[in-house]
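Here come two complexes built around subunit A, the first alongside subunit B, the second alongside subunit C.
Now for the complex of A and B:
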């Protein structure tokens, strides 16, 4: 593998030395561009007490191109689809090379705290969210209970 | 262009059209003397002088014609005048710049800044002016032209490219950076990160901002950073997205590598086109004719609906049909591989000299008098094969028509290649025979007519495929197809001639055959329109 750009080394070091509360991100030994990520469900959200697994990959052109992030844990959220893909502006059009892995993960955490059914990725979930918010929140809580519990 | 008489008969519902257009095959003996069929064209050697090149200005677009002035009908124009203009992105951008110059006195901000504003507003000056009167300075911050009030402005002397010792770039994290760039927001990055960042965004056409804030890079900043006129590329992309957003009125020419954009201000006329079963064809400045409605090449006698169904079906079946796409064929007699080298379907084996038809592989001789026998879809044959299931019958039928369609597409491409050599032929005519440029144009014109004839022929197979084969008009259409096919092959063969002397000797023949193809093309198109308007064509996929 080509040597790792300084930028990625620096970011990785900082993620370890100065971790973001509620978030872990560890690169794989065999591929330092591939990270295992966990995000704790934000307090007061339907995802509270859940721990969500994600994968994050830094493409060759990072940071010119945004990191690729995906939920591995099943989640009931209007901006996250069945395959765990996330609808988030900073991962798409609003990505800037000045943003970092850290800022992306914080944005995802914020997305869990405030779902946005008006900009949906999972249409059926978004519809449910708009029509019957209490019901949708209950389902989200249920799924968190069922799928997002710490292992061991 | 066309007058009412040209399409009058189409509105009279029950009568069959004039015999002149639809004369069935058996009434003619086209091989005997094509000239006999064409008295009404008045092509004799004396009238050749009137076969001049003249240039019409149609709605600001120069259209050159090399036609007999007596002949009114033309393929594109048997319909109300379609008003359109043809642009390139550069033309549109120049129009935008004129807009900028008009707006400048109202804004009293630099030209670069107005470009940014227009870019933000998708080049819609009305919307921009409305917001401008309401917001003014707010708008300048919103568009990234000025830094916001919380930001501190970097002194002018420190902006732009700086030479630094040991600067650490926050993007690549490399230290010991020498050259950097900053806007008035003070966000500073190394030149190579900036360049990479800009390069990625030039073809998106959106405003490019500082990597850390919403301050916009002006065209002058971009050019300074990239050390060249890169902002032009950005402007072109921006115009492209403008065209895409206004797809009601703008169309890209669908021909490969063509950069033309056709603009129609008023598309309300299209209703009338649809009512009369015409397609709104336009001609780009590179002489590509295409349909403004469906963005396909000229597809008459098929209409847009037939065209899109046919294409869809062809895509679906293409895997099964790869075999028809080949350009080489074995000689049916001696099995030598023969490559097709022009559009002409009359093949002569290079090894055994056997003459055969490219399409049906059989002896060419009987084709001489009735070429079209080979392309006649044999209905009787299918009727006897009642054992075959409907599905495979349909597929067989489709395969046949697709094959025909494809053969003519391949031929059209080969004719086009042939066209590349026409230029050389004209040159040698000029050199060896002292022929003037204008005089030599009959070759170019013949080629153009050949191509349009082929294209019409090609699409006519889609029409027949969807037509009720038992209907009399379908039969007439097929007869017309035959006449066109025959005339196209004749003209194609004529265009293979290489010797300048022979070409000049056969000049009259060129005129006559090209004129014949042109008329047959028109007749087939009109017959197809009749077929469609009478509901004999049914789309079933």
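Now for the complex of A and C:
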């Protein structure tokens, strides 16, 4: 606990004091490197009105290594597989220590607004998305209704 | 009870060791396959490939690639220009006249340069972005780009290298 880098403390403070609209991120009391995250589905996307739960973990090498992020809520999206893993360049090869938790979560929100079936992680979803976009969007809306509603 | 726990830790230890041996074998076989393989090796590799889950294979591939290809040379990193807080202040004040030395911080660790009694700040050639020397050294040991603008540092290095070679040839002609 004592060895938590200053950077992580500063990022956490700012996430709480100056949150990103539509995004919450709270560290767990027993592990300050583990965050519970929620992202609101962007307006005009099939995920609108949905609230998606994610988990975010800062590995020991952070910020030399990217945060590990995963969707916990089931979501129908060509770049997110059924385990919730996300295909996003800044989480893999394009990570840079000048990025932060905040920018990564914003990128994920942007990915919800513009799915990219040409660089798929969930192959079957991407195929469906390319072949029958209207149908795929309807499924995504249906899943949002079914799985991504705010808990009481 | 106590013996049981010992047994489990020992088993775990053994599993880890076996896994590590498999990884080394797999990676070395893959490597030897690239330059003139022997049929024995490729058979063993095929066998291993069937045994090891695909995810794990990819992960091992990646770790191999990470070790071999990426990162700047240590000599390059240690030769990066070192600058003082005042040097940076003079440059930044052009963009933002309000800026004070106390505002300057490293974009990797977020620590203020002034918090350190003897700050060691490195400035990258070409793009001019600055970081704690220690922070940027760690990043560049496995990567080749500026964290802020992604400028590839090795791309500039190669240009300089070739021009040096040409110069030397000229010397030979006239010398």
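As a working rule, the second predicted complex is superposed on the first by the 150 of 152 C-alpha atoms of A that agree within 3 Å, B and C clash if a C-alpha of one lies under 4 Å from a C-alpha of the other, contacts with A are read in each partner's own complex, and residues count from 1 in each chain.
Throughout what follows, a residue touches a chain if its C-beta (ideal position, glycine included) is under 8 Å from a C-beta of that chain, and two chains touch if they have at least 3 such contacts.
Predicted model, so just to flag it, every value in this text is computed and none were measured.
Chemist: By the touch definition at the top of the document, which applies to A:5: first (subunit B), second (subunit C), both, or neither?
Modeler: Both partners.
Chemist: Between subunit B and subunit C, whom does A:28 touch in the aligned arrangement: first, second, both, or neither?
Modeler: After superposing on A, A:28 lies clear of both subunit B and subunit C.
Chemist: Contacts for A:131 in the overlay, against subunit B (first) and subunit C (second): which applies, first, second, both or neither?
Modeler: In the superposition, A:131 contacts neither subunit B nor subunit C.
Chemist: Contacts for A:63 in the overlay, against subunit B (first) and subunit C (second): which applies, first, second, both or neither?
Modeler: both
Chemist: If you lay the two complexes on top of each other, which residues of subunit A touch subunit B in one and subunit C in the other?
Modeler: 5-7, 10, 63-64, 96-98
Chemist: Which bits of subunit A are touching subunit C when the two form their complex?
Modeler: Residue list for subunit A touching subunit C: 5-7, 10-11, 63-64, 94, 96-98.
Chemist: Spell out the residues on subunit B that touch subunit A in their complex, using ranges where they run on.
Modeler: Answer in residue numbers: 170-174, 187, 193, 196-197, 200, 211-212.
Chemist: Where on subunit A is subunit B touching in the complex?
Modeler: Going through subunit A, the ones touching subunit B are 5-7, 9-10, 63-65, 96-98.
Chemist: Per the contact definition, I'd like the list of subunit C residues that touch subunit A in the complex.
Modeler: 107-111, 135, 138-139, 142, 145, 147-148, 150
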